[in-house]
Each structure stands twice: as structure tokens, then as C-alpha cells.
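Lettered A, B and C in written order, each chain numbered from 1.
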Amino acid sequence: MSFARRVMETGEGRFGVVMLALLVAVALAAPWLAPGDPLAIAGEPLLRPLQDMAHPLGTDRLGRDVLSALIHGARTSLLVAVSAAVAALGIGITVGTVAGFLGGWVDEALMRLAEAFQTVPAFLLTLALISVTGPRAETIVLGIAIGAWMQPARITRAEILSLRERDFVAAARVIGMRPLEIAFREVLPNALTPAVSLAAVVVAAAVLIEAALSFLGFGDPNRVTWGSMIAEGRTVLRRAPYLSIIPGVGLVLTVLSVHLTGRGVARALRAWRVLA
Amino acid sequence: MTRALGLLRRRLIGVVPVFCLVVVGAFLLLEAAPGDAVDAYLAGIGGGDAAQRAALRAEWGLDQGSLARLAAYVAALLRLDLGWSTAFARPVLSVVLERLPNTLLLMGMATLLALSLGSALGVVCGARPGSVRDRAVSLAAIAIYAMPGFWLGLVLIVAFSVELRWLPSGGIETVASGLTGWERALDIGRHLVLPVLALGLVYMALYLRLMRDGMAELWSQDFVRAARARGMHGARLVLRHVARNALLPVVTMLGLQSASMLGGSVVIESVFAIPGLGRLASEAVARRDTPLLLGVILLSAVVVMTVNLVIDLVYALLDPRVGSGTGG
Amino acid sequence: MTFLAVDGLGVAYRGVAALADVSLRLAAGRRLAVLGESGSGKSTLALAVCGLLRAGTAVFGSIAFPGLGAPVLGRDIGVVFQDPGGSLNPVLTIGEQIAEVAVVHRGRTWQAARAEAARLLDRMGIADATAALRRHPHEFSGGQRQRIALAAALAADPLMLVADEPTSALDTVVQHQMVELLDGLVRERGLTLLFVTHDIALASQLGEEVAVLFGGRLMEAGPVRAVLRAPAHAYTRALLASRLDLDTALGRRLPEIGADFVVSVPDA
């Protein structure tokens, strides 16, 4: 059974992949699906959804089109979340590999560092970074990453520790490869699997953190995000609750699809590993 | 008992270097922020001239090199001096201590909700994995777990506060009501229902899945079959033998989630206008009050470490294999 | 009087047959050794008798307990499994696990049940039984845990004991102790015993009757001395012939049972 087929085996796997593919497609096609500036005033303020077919999801209190903002918001959410996950995994896997392979006091020190980072709530870490650098997309990505690298680091380190003693590493040592070279060329590719299955979890968490940051007003002020839409909607919560509810549904579907896809991929990877 | 004490001692020793790293991290952040404590203080009292600035710098040891400044910072911390808050024009310590109880109350109740409801539902699902009941509840849990806490909070406000008018939409108690004792407690309770739900439901979904997955796996274990062979069945088998073991990973997760929940309280407190530590962090960033933010961070670290320690002890109580040196 | 009557028993899981057309009788108070190699279906037979087969297993034929009606596991039948580490709940004390059997099946109070548990542990040879009640399974050795599991199996004073390879996971010295213990207990309590083993010596030592299984089918059954002295079936003959003991001539390779149950020593 091909890998893709295996992922789509369960109902939840299918839903996850299809939903995620849809979201990615929408995000990529944003400039064509919703041309123009989503922050520009497009019509009358506070139109309800389905009231005016020119604005199928209604407008906010300034008259900006909700559907357009929703589509562009998808772009920002996914972009930030994926970048943050890549950064977190990059940092985590590197740290984990170095710690697992070099061992000794380097390992001790790095693991204590990870523990220190885990003691402070991740959201506060992100806030701390933003308070110093200001809220820009790049710093938000980094801020999320510094709160999420620890788990990939631990998992990679554990995998490296178990692989280190295996025969193919001894063979590499015998032919004279240097320790770090062995680490990155031989051991790392094998150790990646568990960290990669963590990717979905990190992406999902990053989506939520970015949304929370935007909601509080610490997001990138130049972009439309679902979080900022919800914050905007909050000011007219009693009159127009749909302004806050709709972007939230987008968030839920995104996180859900990432989770379910991740679970499907993890299960497929496990089965594949067993057979290999 | 001695096993628990030994564990406690070992964990306390392990905690020290970690906290030191957090302190160093906090110091680095303080250094990285624009302006320093003197600027902040003078801005708070209406400005000062260069001479005053220099004098204060010398007095507070801020004209020394980095290492000396770090030493001064640590010395201040040991005196429980967390610096001066520009936003509140008060020592940071008094501000954070004032807000701490509200956050602890919120977190405590949310954890209670998440743990009790999550475990109970998890047992119900895990008693018969794969049943219709199990699949329906698990699906709902997965959906809830995907929800942003702040959005869930807003949805709850719309539903229960705006539409149904059953519960208040913000604050921790009715302002200037003059209530005391039992009535005040009830008032606070009413105000906390929605925020506790918003914060706790997501974690409830997590513990539910953990409990259920744990139990589903345990059913095929040898000792469960052996218990069946001894004639154990029904509630006795489910609770005493299976659930009791499935509780262990849930308790472990409790410890790991304490930091996450504290972070979650930042948004929840903002949505519900609760004067707690989380919202304080948000205010500190908005008003560029770095010492205050650091105070919140350090206090959060202390809370997380304390909670982890307590959870470790509870886990040792539940799992007799821990800390006795014979496996486990 | 027949205690256990098995007729045409067949067991299949997911289309694969583990047992086919097995019939045997076990009289009350007698001891039956179910003998066979791995994959012979012997454990499946024991589990089927106890009603402990996995959900989704197809069962054909009949298993009856004349004179007993529908037996209650734990009360009428006690079971001991092969893996001593896997029979006990790791988070409960052994006292709780032994006592709960008497509480659930015989309506004892916890106090009385615990006192009985201490007596049982003492009979099993666990030192300082009363203190042991408060300890957890991981504090005991494998041999001790097997004996504790045995105590729990007998706590409700059952009529029959089913043991699935009770000594296979134990080392030789401990095995001997276990066999002596089982022998003594069965005698004292007048238990009907069904035990599963791959060890011919154990079968002849502890058993009075033997049933030989191969490939899920019953090859031969009868009194143990008679069957082992003059086996009627080729497989039983082959089993005996390939057995090793101190008299076996030292060679390079061990004898194997080949097609049609012919025993030969392969060329080195």
C-alpha cells in the first residue's frame, strides 16, 4: 500500500488531508480568490452574512469584506505557523542531535537549558521576545519557535541515544568519520522520524499561538489575521457576533485538519517502519 | 514516606540550576530591552536631569559591567526586589503578588474541571473502546481540542451572557457590591464559570483522550486478563484495575501542562477582564514595562516548578514503582 | 464423576484454526497434563476451558461442566498464567489483589479476607506473610510472584485449577519448588488440575492423565504412564524419542521431528 493511501485509510485521515489541502490551496490562491486589499473598505458596515451576495460573509464595523479578510488571514496563519514549526524543528533537532551524540556535560547543559525554557510558559516567552523586538512576522515566528523547540530536541536526543550504539555507527567510526560528521550524515536521517511526526503538533500549536498574539494586539499590524479579526469583532460582540465567530471556525478547521493529518501520517509512518 | 521525601530532595536539588538559567535569561532580556530601570523610574516620577540620572545609576549599580550588573540583579532577587513597574508606579513585587491569587484560582478550578470531567468521560469511553459512545465523545473532544481558548471564551460569552443572560461577561466579581463571606464567594464563582470553562475545556479534551487511549491499550495487557481470570468484572475491573493504571499518564501530563495553562490564562484573563497574572503580562508588553514582564515570568516559573514538584509527589504516591530503585 | 467434558471443540481466530475437533474427559480430582510444542494449541485449549478467549474468536463444539452448571471464574476455577510478571496489577498491593477474590466471590469482609490471604501466602512459602500483604508486585522475584498469583487463584477455594505453563518462565531450582508446591496444594484441597506444558518430564511428574496435541488436534490421550511407556501415536513416539536427558549420547546436532513424525539427527 502506498504511503499516501495508508494515510487516507481512516475517516479522520481523509478529512484531515482533504481539509488541509483545501486550506493550503485557498491560502496560496488568495490574491486571485480575493483580489485587492482585504483591509480596504468594500461596502456598508456590519452587513450580516448572506444579506448581500457581494459580501457573502458580511462586513465588519468599518465595512471591510469578511470573506476577503478570511482568505488572506488563512495565508498569514499558515505561513507563520509553518515557518515557526520549521524553525522550532530546526533548532530542536540540531540541539537534540548535538546533545545526544556528544553526551557528557554538553548533553547535561543543553537538557537543563531545555528544562529552563519549559519552565516558563511558551506564550510568555514569545511575549518577552516581542516586547524587545516589536511585533513583526519574523519575530513572531522566532518567538513561537523558542517556545516549541524543546520537545523535538528531547525526542531527537532520545532517538540518537538509542541509535548511537547500533552497528552502523560503529562501522562509520571504524572508517574514520568524525563524530559530528557521523551525527549529521548517518544517524540524523534515521532519527528524524519521531521528530517529524511532532511537526503536525507544532504547526497546530503555532496556529493557535499566532492567533492569540494577534488577538491581543501583538500580531503583525500590516497583515490581516484571523486573530485580529476576532479582536475587531469583539468590539461589536453583542450586535454582530458572527464577526468573531466566523474567523474562529476557520481556526478550528485549520487546527483540526493539521492534527488529523498529523495523526494519519504518524500512523502510516509507524506501519511503514515496521515493514521496512 | 521516606521514598517520597527522598524524591522531594532529589527534585529540589535538580530545580536549582534550572531556575538559575531562568534568572540569567530574565537578566539578558532586561539588558536587551531599550532603556533601563533608571530611565523607567525617572519617567514615572516626571523626568530628571543628567546628574540625577548618573547618581541613581551609581546607586543602583547600573554603571558597572555586565557581570556586576548580573550580580546586582541576583542580589536584588534574593532580597525579593523585582524592580520598579513604570506602568503601575509601584514595586513589581507588590503588583504581581496582588494579581497572583486570581490566576491561581482560575487555574486551579480549570485544572479541577479538566481532570475530573476528562477522567470521568475518559473512563466512560475507555470502558468500551470503539463503541458508538466512545466514538461520539472522542470526536467531540478532538473538535474542542482544536478550539482557540479565547474564541471559545467569546462563544461562551455570546451564548450564556448575551443571549441567555445567565452569567456575567467579565470581571472577577461585581464591582463595589460590598459583598462579603459566602455571598462574595458565590459572586466570584458566578464570574468564574465561563472563564474556567474556556480555559479548562481544552485540557479536558486532552485528558479525556489520554485516559481513553491509555485504557484502550490496557485492555490487552496480561494483568487485566489475569484479573478477569480471578473473576473481576464490571465496574470493579474497569475502575480498580484498568482506570487506576490509565490515570498515571494523565497525572504526568498534568505536570507538563501547568506551564501551558498559565500561558493560556493570558488570553482568557484578557477576554474576561480578570485582574490576574496573565493579563498583567499582556499589559506589561503593551506598556513596555520590562521589569513587570520579567516579574511575571519569574513568578510563573516558580509556580510551574512548584506545581511540577507536587505532581511528581502525587505520581510517586500513585505508582509504587517510582523511586524505589527496583524498576518502574 | 466427570468434572470437565470437552466435545468436538474447535477454535478459530480470524479464519485461522487454533484447535480442531478436540474431545476429552477429566474426572473430578484428577490431574490432566496437556502436552505439546509451541503452536500446538495447548494454551488455546486451556483458555477455551476457562472462557478467556479473545473477543472475536469463533468457538465450535462444546465445553461442559456436569454437576457444576456454569462455572464462575475465580470462584469455581482458579487460573495461573505463564508470565509471573504479568499476572498482577502493578499499582495495587498483593494483599489487596488476593483478598479481593475472597471478598468478591465468598462475601468475606476485607479484614477476614486479608487474614486468609496472609495464611495463603504463608502456605506458598512467602516469608513474613502479614508484612508482605502491604507490598507491591515489583518488590518480589519472579518465582515469588508466580506463587502470589497461585495464592490469588486459590483464594476463593475453587474446585479446579488451570495452569498455563506455570513453570516455563522460572529457572530450574525455582521450577522444582513450584512443582512440589502445586503437587501439595492439589492433594490437600482435592483440586481437579489441568495444566499445560511442553515439558514431558513435568507432564509425567505432576500429571495423572495426558493429552498430546499437535497442530491443533488431539493426537493421543490416556493415563500418563501408559501413554509415555507405550505411545500409540507416531507423534508421541517422536516426542519421546527426541527428548534429551543425561543419558543421551553427545552429538553435534539435536534430533528433530520431520515429516510423518520420523525422528532423525540432521547431518552437521
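Criterion: a contact is a pair of C-beta atoms (placed from the backbone, for glycine too) under 8 Å apart; a residue touches a chain by one contact, two chains touch by 3 or more.
All of these numbers come straight from a predicted model, not from anything done at the bench.
Chain pairs A-B and B-C differ in how many C-beta pairs are in contact, and the one with more is A-B. The chain with its Cα centre farthest from the Cα centre of subunit B is C. With centres taken as mean Cα positions, subunit C sits 55 Å from subunit A. Subunit A and subunit B have Cα centroids separated by 22 Å. Once the centre of each chain is set as its mean CA position, subunit B and subunit C turn out to be 52 Å apart.
Shown for subunit A are the residues that touch two or more other chains, of which there are none.
In subunit B, no residue touches at least two other chains. Listed in rising order, the residues of subunit A touching subunit B in the complex are 12, 112-113, 115-116, 118-124, 127-128, 130-132, 204, 208, 211-212, 215-218, 227, 230, 234, 237-238, 241, 244-245, 248, 251-253, 255-256, 259-260. Within the complex, the subunit C residues that touch subunit B are 50, 52, 72-75, 78-79, 81, 83, 85-92, 97, 100-101, 104-105, 136, 138-139, 149, 152-153, 155-156. Considering their complex, residues 221-223, 225-232, 236, 240-241, 244-245, 248, 318-321, 324, 326-328 of subunit B touch subunit C. By the touch criterion stated above, subunit B contacts subunit A in their complex at residues 17-19, 21-22, 25, 29, 32-33, 142-143, 145-151, 154-155, 157-158, 162, 259-260, 262-264, 266-267, 270-271, 281-282, 284-286, 288, 290, 293-294, 296-297, 300-301, 304-305.
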